[in-house]
Amino acid sequence: MISLVWLIPAFPLAAFLINGLFGRRWLGHWTGVIASVAVGLSALLSIGVFLEVLGGKQQTVVGLYRWIGVGDFSVNVAALIDPLSAVMLLVVTVVSFLIFVYSNGYMAEDRGLWRFFTWMSLFVFAMLILVMADNYLLMFVGWEGVGLCSYLLIGFWFERPEPYLAAKKAFVMNRIGDWGYTIGIITIFLVFNSMNFLDIFNRLATSSMAQGVLTIICVALFFGATGKSAQLPLYSWLPDAMEGPTPVSALIHAATMVTSGVYLVARSMPLFVAAGPSLEVVGVVGAVTAIFAATIALVQFDIKRVMAYSTVSQLGYMFLALGVGAPAAAIFHLATHAFFKALLFLGSGSVIHGLSGEQDMRKMGGLRRRMPVTFWTMLIAGGALAALPPLAGFWSKDEIVAAAFVNGHFVLYAIGIITAALTAFYITRALWMTFYGEPSDHHLYDHAHESPTVMTLPLVLLGVGTAVLGIAIGFPPEQGFIHRFLDPVVEAAGVAEHAPELATILLLAVVSVAAGVVGIGIGVLMYVRHRPDPAAVARAAGPLYRLFVNKYYIDELYDHRIVEAARAIAGASWAFDIHIIDGLANRLGWALAMGGQGLRRVQTGVVGNYALTIMAGLLLMLVAYGGYAAGIFGR
Amino acid sequence: MGFDFVEPVIFAVLAVGVIGAGAAVVLLNRITASALLMALSFLCMAGMFVLLGAETIAAFQVLIYVGAITVLIIFGVQFTKQGGDRSYALFFQKQYPIAAALVAAVAIPVVLFAFSFNAPAPQPGGGDIRPLATSVFTDFAFAFEVASVLLLAAMVGAIVLTQRDERVEAARRRR
Amino acid sequence: MTVPLSFYVAVSAGLFFIGCAGVLTRRNAVVILMCVELMLNAANLALVAFSRRFGAVDERGSVFVIFVFVIAAAEVAVGLAIVLSAYRNRPVIDVDEIHQMKG
Amino acid sequence: MTDVTAVYPEIIVTAVAMIVLVADAILDRRRASPALPIITIAGLVVALASVFNDVPAGQYFRGFVTVDAFTTFFRAVFILLAIFAAAVSPAYLARRTVPPGEYYAIICFSTVGAMTVALSADLITLFIGLETMTIPIYVLAGIQRSDRFANEAALKYFLLGAFSSALLLYGFAWLYGVAHATDFVAIAKVLTTQGIASGPTIVALALITVGLGFKAAIIPFHQWTPDAYDGAPTPATAFMSVGPKAAAFAAILRVVDGALGPLGVDWSAVFAVLAAVTMTGGNIVALAQSNTKRMLAYSSIAHTGYILAAVAASKAGASASAGVLFYVFAYGLMNLGAFACLLYFDVEGTRGATIEEFNGFWQRQPLGALAFAIFLVSLTGIPPTVGFVAKVFVILPVLDAGLVWLAVVIALNAVLAAFYYLRVVVHMYMYQPEEKVPRLVSPRTLSVSLGLASFAVVLFGIVPGSLYDWAMAAALPLVR
Amino acid sequence: MTHLLSLLVVIPVAGLIPLFIFRRDDAAAKQVAITTTAVELAVSIWMLTQFKVGEPGFQLIERVDWLPSLGISYLVGVDGISVLLVPMTTLLTFISVLYSSGGAIKTRITEYMTAFLLLEVGMVGVFVALDLFLFYIFFELMLVPMYLIIGIWGGPRRIYATLKFVLFTLAGSLVMLVGIVAVYIASADASGSRTLSLPDLIELRGRFSADFQFWVFLAFALAFAIKLPMIPFHTWLPDAHVEAPTAGSIVLAGVLLKAGGYGFLRFGLPLFPFGVQAWLPLLILLSVVAILYGAIVSAVQKDLKKLVAYSSVAHMGFVTLGIFVLNPQGGVGAVLQMLNHGFVTGALFLLVGIQYEKTHRRMIADLGGLANMWPLFTTFFGVFVLASLGLPGLNGFVGEFLVLLGTFKFPGVPLGGLFWGPLAAIGVILAAVYLLWMFQRVMYGPVREAYRALPDLSRLEIACALPLLLLTVLLGVLPQPFIAYIEPSLDRVVRLATDPAFTVLASR
């Protein structure tokens, strides 16, 4: 089965080509079917692969051909199948499949349907390359490929400016991150003389490396990860990315692409572990991002933006996990998050669909009667996000904060707990404003309707997943299936895994659940009992509130100050180009022409003057020859 | 042969004649006068040739320069006179200061260098017609032929430039 | 005593530069022509002087002079012809009046 | 009797002149105008053939006539240029009522003079040759009597020419006084022992430089050039601009390289500077010209500079002189052609067309435009044309002689030149013709000869080998 | 002893004859030109198959004495560096002619095609010539036809542009001519026999003293730097491109610029190792500056063609950088980058030209919303834009990445690869910025009424662009076969350039 692993990306690629070439003219709605079937097939295959890996095939490299090779530098197109990639394959294909199915309904009316499924297929292909690659360079292909697709899909509705501006922002910010990635991998090559994961880790194990250069490498790679996974300082593209169709947000900007940063760091764990300080960086950045984004999510009214910031925040958790040396927990959270966040997005998508495009939560309310399926599934997902046992989110997030505590990062732990409370609060707020209370806009309310089965079915499936996944693979804590499965990877990384005793685990679990409950409690108080009234709180918070609403003025900084500065520089250098560099050339020509005009005056046309010149010339000759003879000018 | 003042004295006189007449050609403003003084300068020059013992050259000098060339030039002067002689003496010319300075600057060193020619003991003069003739008609036979070609060309040229052009004349008369 | 060679050369040089001065300063084409003739004469004097005052009489200088006569004659003939044909079209003899072409 | 056979070419060319004059006299105008050029060209072709009849190289007329590869080369060049000039002229002469018989005869006389310069072995013959070459040219410049510009051109050229040949003569006189000899070999021998360290030598050298520099139009002795070229009837200009210049360089090689060779150290340094000044000055002023004829006049000054650079590189030995010879040939071909291209225009007087009048020339006269473009590209020095090869053969000795700066100056000047040459191409090909452009004429002889010439320009640009070898052979007798 | 290369040089010349015969008939002229270039393309591909991959030396050599007395000969041959550039040239020429025959050129067809055939002679010749004299002749032969193409069939300011182009190029190449002659003189051995044939010169380059190399390399570098162009000699490029007709831009960007980079690799590195070492710091600096500066300036261009032109400056910066880091990765990257730039930028100019033909607008501000009407055009344009900004999986990435890799490995003066590498990598970000900005401004947004009726790509236009698209993808996905062609010869060049013998020479 593993030998067939290349079929997994092959199917989406085929779908991409077919839809791309024939979609517009002939296929029409069939494009959706084709794409879904293709992804479904790869999902089946990856389940097979997963089982095989489970069956003990720990590390398999499936080579395809030599891609680039010059001198001592050589890179193959080859797949590395180990537990880590197996999990990722599974998550990616399965979630993608569900979302594809959902999209068939959601995008049905859009005349660009064929484009949508073409690019979605391409995205899945690229994502799979990213996950399967056995070396950093091939990974980079997928890495950029998903970036491209996200660009195309965010800008899907390119008649309006917002989408394509958001799209460009996303791509450019990713590119900035990729700068780090490039530097990282090239430095890796300089140090290890290879870009192949296994070679690198072997060399790392056998020979001792200089701390400094490893730190440079890791920081560079992590910088790349922040770009892709929307961490500080490169997070601000993700909220804007919500301009894309909702399934895109669900698939790319919640479940898969944005997690590839996490995957990168998890993949490079041995490097990070070997280079001590870099892990601290990862942890701190993750934690800060988590609480930072959560605070912004508190005050958003656009339902999708709430989800977006929550995604940023959750990704922060994952990096936090990596930072405190719990890669397994990170991957675990990645998986669960993929499910419940995708579900939240699809749910809100279903709401938007039901309200024919309305995204502002202030205009919603009371929808639970109108769209029950959506309501219930989102409720489950919300619970998971708020980390209520026994839902998936609880297990994974609990492990993260626990790991932070156990490994002695108490500050990070504290941040984690606070963030948990905030998370619980804003999700409560969002769900309440959407589904409870009185419909604030009756016109919308009356036309609201539940989505078709093709959309609700994936919701249900995801809901089930969200409900059971955690307990299925995450129990018992720290020894759950996922751990045993990922152990090889973790050990390879050489992370110090000291398993705490049960008491602490329970204690920590209680604390984090408590945090969640507190958050929910406050939320309920404010939005059900209206005491304290949200508006009053906002007024009381004053500047802090404004800070949150304006997202810490970071977009302001990025989109205006920096961009304007760049424009100014560019304009200046163009002026320099025209007036100085080119100007000099032209002025030289002008000067010569003027010189010609000047010399023309000497040509008076009067014979006497000409004779005079000749005489002067004679004098010059005498002086010259005399000078030479006397050796004045030297010989 | 003892002292012989004759030659130096004659030389001095001739030199004064050559230089003086030449200077007058440049300085005087009446063209006819200039022409005649030029002839005088040529004559003195012929005298110098005699003094140098080149009687043949002297003869040619008189024949060609004083005879032919001076006459030609005087004709030229006559032909071009009725434009009114608006030619001025040296000191009315525009660029004379620069010209004078330049010529002086060149002339002074050259004249000084001229004195650096030192001749060995003088040779007995004697007729120069024979060696001259042999040389011209043997060594320089070809050059001589070319010279004749030159004269022919000059003749043709002079004719073609001065012959009256019927149509142009007619046009002028019509005006 | 005979006059040394250098004196002859000096005289010729003097005459030569007088001619130069004339060419540079006079405006009448014919006068300029005369001045050129003076210069040629100066050259002749030098040539003859050299040819007669070398150790052994060397007639090449004199031969040169003969050819210079020829050249001078041709020059004058052509020169006057040119002056005349120009004068016929435009009765101006002062060369610094003649500068339609310049620059 | 061998003496006479040695100078058959000169005799034949003279004879041609005579025959033309006679034919002109006996034939009436109507039949003369077509017959004369044919007679001239035929006769000159015979003369050209006679150049190559194998006279054993050596001294004739008791050593006062040298016949060697050098002589042969220049004889051939002069006769070729004369043929070319005769071929492009007829239509113009007929149009402007220029007396054709005298015209062709004078060209032949001048050619005889030039050839005499090439074969001269001593100062006297050389001087006679120079004057025999120059004096007819004065006439040629003024031969369009009725035209004021022609008169002015002739007058200026004559007065200054006479002045400069007086200077040259005086220089020769002093050289004779210094060296006690007139033949180049003897002079060289004396100077070798004597060196430059005497006042008279310096004076002679200076005067000779000025005199020959005037004939070759070296700055600052060049000022007659634009006016004379501009005012003279265009076909005459075409010949003037190449024949006398070639002869001047023949003289420079014979006198300066030959007789004054021992003083090479001194004059080559001065010549290098003169060369740089000449090419730069010529080009810069040419930039500012709007009349193509005058522009070409200035450009010919610039080319003098290039040739002079090769002369200055005499330290490099034969390759320097070979460079001069090759460039002289190439220059004659392309410059005569370029001037002749102006003959397509029937503009007022003797002036050339202004650059605007060339707008859309490619439409009105495609082949003429093509030929002109080829000549201009060649003058610029862009391959595959003879002009480019010639530049290479100049740069080669210049670098060989260690004058790197001069080589760079040459290169940059070529860029300068490119500007104004290609501007003409721009006007010919890239602008539409304006309302009032001068009438065009397209005489067959002109087109044919230009076609041949432009073909030769390209041909020698692609296979210059044999020509260069010939130039090399011709240069060898000069180096002792 | 095959005559393939001579055939390549001769075919276009042969094409001139029928062209002259049919000069009155435009349609026939087009046919002749297309056929000729097609045959040329076929022959060049055949040549590719005849080439023995993996041998560093020159192959398919032909030698005919030309100026025997001067030891100059007609000497042609190819090695791994040039063997790929020749088919690229013929392909781009074919596409240009094909596109031009589709009505883009309306006046003076025959002259136009003649110019193109002559141009092809020059371009092919430059890549196959192994004798410096011959090389120079071809190098200049490219000049005049392009001068006419821009000047006659160009835009409103064509005269200024074309004169500028010619004067800049000439200024460089004439100085190089002096350099060539200097090399010729310096090549003299005891017996005084001299040569300009590259293989011989490489053998006897020991005769080139240190400061000789210093100056002569400068002379060569000037010509190539202007041709490339490198900062600060680049200002002719935008004008020339903006004014040139579409096909002219394609060939200019696609091939003529390459002559510069190729010249560095072919003559600069092997002949003047010390000169290279001496000028290395400056050249590296200029390359990196070109990458960043070119990108920054592109970002504020209002004219579509100008933007692409300035982007070429940046891309050629990668070429020179790759060449002068003097290691196999960099070098191979540079050559690949030359190919990629040829295909991608050529294609971009083609598409911009097509777009201009339809809308008659080139100001970015006047465009927009094209994606809706022209899905095909948008796809092509998008792919080439992405390739141009170095998206992995397309060809642009391979070259740029290898260059960056080489740069990081670059040991030395003055600051070392770890300084220059990341700096150059910034250029990749900037490329994304300005290209995407351009793409969205032109393609996205609401449809302009003025353009609503305009048709999408025609068959001919697709036929022109498709080969380039396929190559773009192929070179991105499967570059190894091409690298196999390049690498051996390039190793040789790099080894010649870093020959330790010359550090000794330098010390002397």
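Just so it is clear, A, B, C, D and E label the chains in written order, and each chain counts residues from 1 on its own.
To be clear about the criterion, a residue touches a chain if its C-beta (ideal position, glycine included) is under 8 Å from a C-beta of that chain, and two chains touch if they have at least 3 such contacts.
Predicted model, so just to flag it, every value in this text is computed and none were measured.
Annotation of chain C and chain E: jointly contacted by A, D, touch as defined at the top. Touching chain A and chain C at once are the following chains: B, D. Chain-level centrality, scored on Cα centres against the all-protein Cα centre, points to E. For chain C, the chain with the farthest CA centroid is A. The chain with its Cα centre farthest from the Cα centre of chain E is B.
Top contact pair of chains, counted by C-beta pairs, is B-C.
For the pair chain A and chain B, the distance between C-alpha centroids works out to 102 Å.
Averaging C-alpha coordinates per chain places the centre of chain B 70 Å away from that of chain E. For the pair chain C and chain D, the distance between C-alpha centroids works out to 26 Å. We define each chain's centre as the mean of its Cα atoms; on that basis chain B and chain D are separated by 30 Å. Touching of two or more other chains is recorded for residues 93-95, 99, 102-103, 106, 109-110, 114, 116-117, 139-140, 143, 147, 150, 153-154, 157-159, 161 of chain B.
Shown for chain C are the residues that touch two or more other chains, namely 9, 12, 19-20, 23-25, 27, 29, 32-33, 49-50, 54, 60, 63, 67, 70-71, 74-75, 78, 81-83, 85, 95-96, 98-102.
Counting only residues that touch two or more partner chains, chain D has 124, 128, 131, 135, 138-139, 142, 145-146, 154-156, 159, 163, 167, 177, 202-203, 226-227, 419.
The list of touching chain pairs reads A-B, A-C, A-D, A-E, B-C, B-D, C-D, D-E. Listed in rising order, the residues of chain A touching chain C in the complex are 600-601, 603-608, 611-612, 615. In the complex of the two chains, the chain A residues touching chain B come out as 608-609, 612, 615-616, 618-619, 622, 626. Of all residues in chain C, those touching chain D in their complex are 9, 12, 16, 19, 23, 29, 32-33, 36, 39-40, 42-43, 46-47, 49-50, 54, 58, 60-61, 63-64, 67-68, 70-71, 74-75, 78-79, 81-83, 85-86, 88-90, 95, 98-102. Put simply, chain B touches chain C in their complex at residues 3-4, 7-8, 11, 15, 18-19, 22-23, 25-26, 31, 34-35, 38, 41-42, 45, 48-49, 51-54, 56-57, 60-61, 64-65, 68-69, 72-73, 75-77, 79-80, 82-83, 85-88, 90, 93-96, 99-100, 102-103, 106-107, 110-111, 114-120, 122-123, 125-126, 128, 131-132, 135-136, 139-140, 143, 147, 150-151, 153-155, 157-159, 161-162.
Residues 93-95, 98-99, 102-103, 105-106, 109-110 of chain B are the ones that touch chain A when the two sit in their complex.
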